[in-house]
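Below, each structure is written out as structure tokens.
In what comes next, subunit A is part of two complexes: it sits with subunit B in the first one and with subunit C in the second one.
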Partner chain A sequence: MLASHHSSKMNKKRFTWENTVQFFKDYGWCYAFILVPVILFVLFTVYPLVMAFIYSFQKYSVLGSEWIGLDNYRSLMDSPVFWKAMKNTLIYTVATVPVNILITLFLALMIFPLNNKSQTFFKAAFYLPGVTSGITMSLIWLWIFDPTGAGLLNAVFDFLGLDSVMWLANPDTALFSLILMTYLGAHGAGILLYLAAMGGIPKSLYEAADIDSASWWSKLKNITWPLLKPTTLYLLVMGVIASFQVFEQAYVMTMGGPNLATTTVAYLIYEHAFLSFEFGLAAAESFVLGFIIIIISVIQFKFMSSDIEY
Partner chain B sequence: MATNHQQIQLQLDEKKDKQRKIFKIVGLSVIYIVLTIWAILTFVPLIWMFISSIKDTTSITQVPPQLIPDQPTLDAYRRVFDVGGFARWFLNSVIVSTILTISNVVLASLAGYAFAKLKFPGRNTIFWILLGSMMIPGQITLIPLYILIVNTFQMADTYLALVIPTLVTTANIFLARQFMASLPSTLIDAARIDACSEPKIFWKVILPMAKPGLAVLGIFTFVANWNNFFWPFLVTSSNEMRTLQVGLTSFRYQYTADYGAMMAGAVLTAIPMFIVFLALQKYFLKGITIGAVKG
Partner chain C sequence: MSEVRFVNVSKEFEDDNKGKFTAVNDATFTIEDKEFMVFVGPSGCGKTTSLRMIAGLERQTSGDIYIGDRTVNKAHPKDRDIAMVFQDYALYPHMTIRENMSFGLKNLKRPKEEIEKKVSEAAQILSLENLLDRKPRELSGGQRQRVAVGRAIVRNPKVFLFDEPLSNLDAKLRVQMRMELSELHKRLGATIVYVTHDQVEAMTLGTRIVVMNQGEIQQIDTPEELYKNPKNMFVAGFIGSPPMNFVRGRLDGNIVQTVEHALVVPEDKLLKYAEYQGKEVVLGIRPEDVINIEHLPDAPAQNVIEPVIKIVEHLGSEFLVYFGIGEETIVGKISSDYHMEVFKKHQLYINMEKMTLFDPQTQMRIG
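Presenting the complex of A and B:
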């Protein structure tokens, strides 16, 4: 039924009633299977994408928007708040993504040589915290960072004889606090990906290295790390994309403050769109953000995949 | 002389072996210790949430904090329910996550099957457009989507608004295509020769083989939607329509000082996911590698 390609080729040449009927007989079900997803995609991705582009050149109003050309983009470039948000987002990304990938790799390297039972145990242990929501984690850390001595972190500092820190209430430490909580976050998913990749590395490579009595470090540097590059790249791209859109922590814990210290680009978009209803400006911001994310992803692919061979 | 030399060599080898063994044991012990410490550290926030949720209002603000509450109480949990709405939020989360799980499994598996195993004009073009759209960050489409749902469709504060944009996600279609592609085509061809209709092939041949993959897809979708915050936060305004995550953030501002109730609410929100994880552990631990890049 689907194999009758002959009729479809004819169909391309001439549109007759029979050919159309035959086309539907051949491919009707194929299109039926993808119909709903495609409609949803057009309605909830393509249409919004086009509209976002249009809004970004408008001063939005429910009663009738006004075309203002590049004014939204221009006012972004002139806005110190936007650059501050950009800087915060960059600092957050640079301080969280590479460090968390290293922590993930480090944990995976330690789990890999263990026996099956221990592997499963640690995989589960590191995965479990990851099923809690960002909101839950933000509330817990809000409490851990409590500026009084009742906050867990300050209690630890008191115990160690250190001075209490204001953490989220101090512009100098607020962003750092949000970064800190990611280090103790869940690395389970990344660990699983690394372990799967490590399992795929041929044993013969290590045996050959053993004959040359290579050190642990040299095996890691010359065999494991290069062959894990695709996984590292995947985690890097995904990590950067996610951290460029970080919102929940800033919303729940700090409301972007104090003094804009934790205002990220995603938080700024939320503020402009849904607190001051400047949809046009917010759309322009989202395009700048999207553009940067795509550029960074492409660079990472170019940079990281250049020497992957296997 | 020669034998003597050999003997020395043998002794040296033995010594080396012994050294290696000790080295291995020491190495493994270090590994276990470091892994255990790090695992405990990542559990500290969760443990602290539990401990804080069973303290009373005075002991929770005590300095230094009690690591084990001397008078554990479920009072904070009562305050969670006193504020009103928590049970309803819970129900809403169950409803929304369940609908989205079912719709994603059904729609993504059909589309994934079509993209993986059927040949039709435009298949690759459509698939690449879908795949490419995954690069677009959510913030871009969010604002027009909000205007469309809330202003144009007038759906604000309804279940429909909560579920409609993500009835099927591109990521899930991609995941479904990945594992559908790995199923053997011979069975499908055989069924086709027997003149089975396409829906029948899907139902009788594909679904039984794709079950483990679909289970993973469903579980991940459920967890993701249970934990989803931003969209429900935007489109709900009444207390009755909030999901758990949205309701939970309102605690932050209702109870600025009542961390006990906040932590109790957090526990009640997180526990269903812990249960899902512990019950379906093998799907979580094997599932993530299905759709990911080959590495």
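Presenting the complex of A and C:
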């Protein structure tokens, strides 16, 4: 009965009044339920995206934008500031993401063997910085990096008999300072993911490895690391995407300076859009950045993809 | 010399729910060199724990464990010269079969040629040559099982430990692998310790069998001895399929008096039952010692009962017939040459020559 009803509908695909009424009787509610999210998505994601894409071919002005074709993109390619920002972003990404993944993995490896109570404590402790706002964290780091002896880092240097360093004010150390922040920053989410993945590796594999004379290092290299690969890939892709868009730290701590030393692409976009109101240029930069992120993510998935199954 | 010896070995677990829990209690036994020793018992009786203590994956709470002529009480698994086949096989999922089998030797930093040679030897013994470059998930259950055995073989250990290796296979494959394991044992000439909950597997594979229950070793004997001379009611009820029947009764002179019948005890057995004269006993009768009198050349003068058959199960060459004595259900395994009908009375002979008596309090065999 049910089958015949469906098949008869399959056969009559013609667009008739009855068919339309029947369709809405069958599926109307489904569409009603997804209508609200779809409207929100179109309004706040699709529409700005399309508009930005249009702006990127225009010289923006409140009174009337002017079509200039690919000029925005061309001037980007010729702009040393954009390339400097690109280079900064790349250095920042390469120096932060892989190192942070290793730090996260190391912490997770240390926490995993502990009993339940200690595990919970460390999970919470490492997660806490993640729920603190980035601005607050940056303010604390401003104090740590304070160039006078009042700053924590310089106080330590002083204690060790080393000269004070102008951490954020020196073009040679400013970007490194921002990178250093991430090493001591939020590993909580990554730790949770790694711990969950470690818990999913059957214990008997390690027992088999024990009998197979595997050392701690051999087990880490040959069992844990390969079996954590999906998690590592996830952290890598997410880390790269986030780090290509790094803005907050550069904005709060250094305003992209000194001498463009910490100007990232995202910071440049902000400058062009909201300080000099060159929306067209900023939009073009956004699309270049987005394109690069997509390319890199695809490459990462291609090369790191794994097919593990217990 | 690769014997394995337990001396007063106990293992207690500290469990959050159950509190202190003794999984293995005061186990003492010797597994001889080149022996195929099977540990059998119901689930949770401590078989795996015993095996894991031999492997060094679990540290005994007290007692001494010897492998060969040295104690291994605190030795790491890798220093015990053992190999183990896990119940879930524990193959490394991301490695090929070749890598799985060579992992142990690689860790020992053996030369490449030696590793290659040993892996291909093992692969040949187990017919795995064509599968060496596959991953475990591309293999069937039986093939995975072979890989797990292969991984053990390449290391050429003194002692092989198997934890229910056939329990994940279907019945037909299980019978085939059982034979292969038996052959493998002869071929390798190694000591094998094998855990199973399946008494048929235990009886067919073991040169000797350790029967365990609730952490206690019940009996250690050859399959034949276990069957013929079970030490207690647990062993009698565990070994054999279907298991031994138990009927309560009273020993009076040369008679075991049950609620319904007076069964005559053979003359030659009376002496060892002397102490139990006039006392409650449990009579143990194997199903095959219940015989349809049609099958006997001469009609027996005694020990013939005539119960109403409640169920008849056909097994082809045999019937399993169920009937009651008092409140107890008795099962007989009877040749199907003569037809037997359910709900009818049949004359059955109880072969008291093969009887066993147990003490109802201690559950131990009498005599």
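Keep this in mind: the second predicted complex is superposed on the first by the 294 of 310 C-alpha atoms of A that agree within 3 Å, B and C clash if a C-alpha of one lies under 4 Å from a C-alpha of the other, contacts with A are read in each partner's own complex, and residues count from 1 in each chain.
Please note the rule applied: a contact is a pair of C-beta atoms (placed from the backbone, for glycine too) under 8 Å apart; a residue touches a chain by one contact, two chains touch by 3 or more.
Here the structure is a predicted model, which is why all the values come from computation and not from measurement.
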Tell me the contact category for A:Leu275 with respect to subunit B and subunit C: first, second, both or neither. neither
Identify the partner contact of A:Asn222: answer first if only subunit B is touched, second if only subunit C is, both if each is, neither if none is. second
Taking the superposition on A as described, I'd like to know which of subunit B and subunit C A:Leu63 touches: first, second, both or neither. neither
More residues of subunit A are touched by which partner: subunit B or subunit C? B
Name the contact category of A:Leu160: first (subunit B only), second (subunit C only), both, or neither. neither
Between subunit B (first) and subunit C (second), which, if any, makes contact with A:Glu207: first, second, both or neither? second
On subunit A, which stretch or stretches are contacted by subunit B in one complex as well as by subunit C in the other? 229
Show which residues of subunit B lie in contact with subunit A when the two form their complex. 28, 31-32, 34-35, 38-39, 41-46, 48-49, 52, 60-65, 107-108, 110-111, 113-115, 118-121, 123, 126, 130, 133, 135-148, 151, 164-165, 167-168, 170, 173, 192, 195, 197-199, 202, 223, 226-230, 234, 245, 248-249, 251-252, 259, 262-263, 265-266, 269-270, 273-274, 276-277, 281, 284-285, 288-289, 292-295
How about subunit A: which of its residues touch subunit B in the complex? 1-3, 8, 26-27, 29-31, 33-34, 36-38, 40-41, 43-49, 51-52, 55, 62, 107, 110-111, 113-114, 118, 120, 122-129, 131-137, 139-144, 146, 148-150, 152, 155, 158-159, 181, 184-187, 189, 192-193, 196-197, 200, 228-231, 233-234, 241, 244-245, 247-248, 251-252, 266, 269, 273-274, 279, 282-283, 285-287, 289-290, 293-294, 297
Under the stated contact criterion, what part of subunit A meets subunit C in this complex? 202, 204-205, 207-215, 218, 222-223, 226-227, 229, 306, 308-310
In the complex with subunit A, residue positions of subunit C that touch it: 55-57, 76-78, 82-84, 86, 88, 90-95, 103-104, 107-108, 137, 151, 155
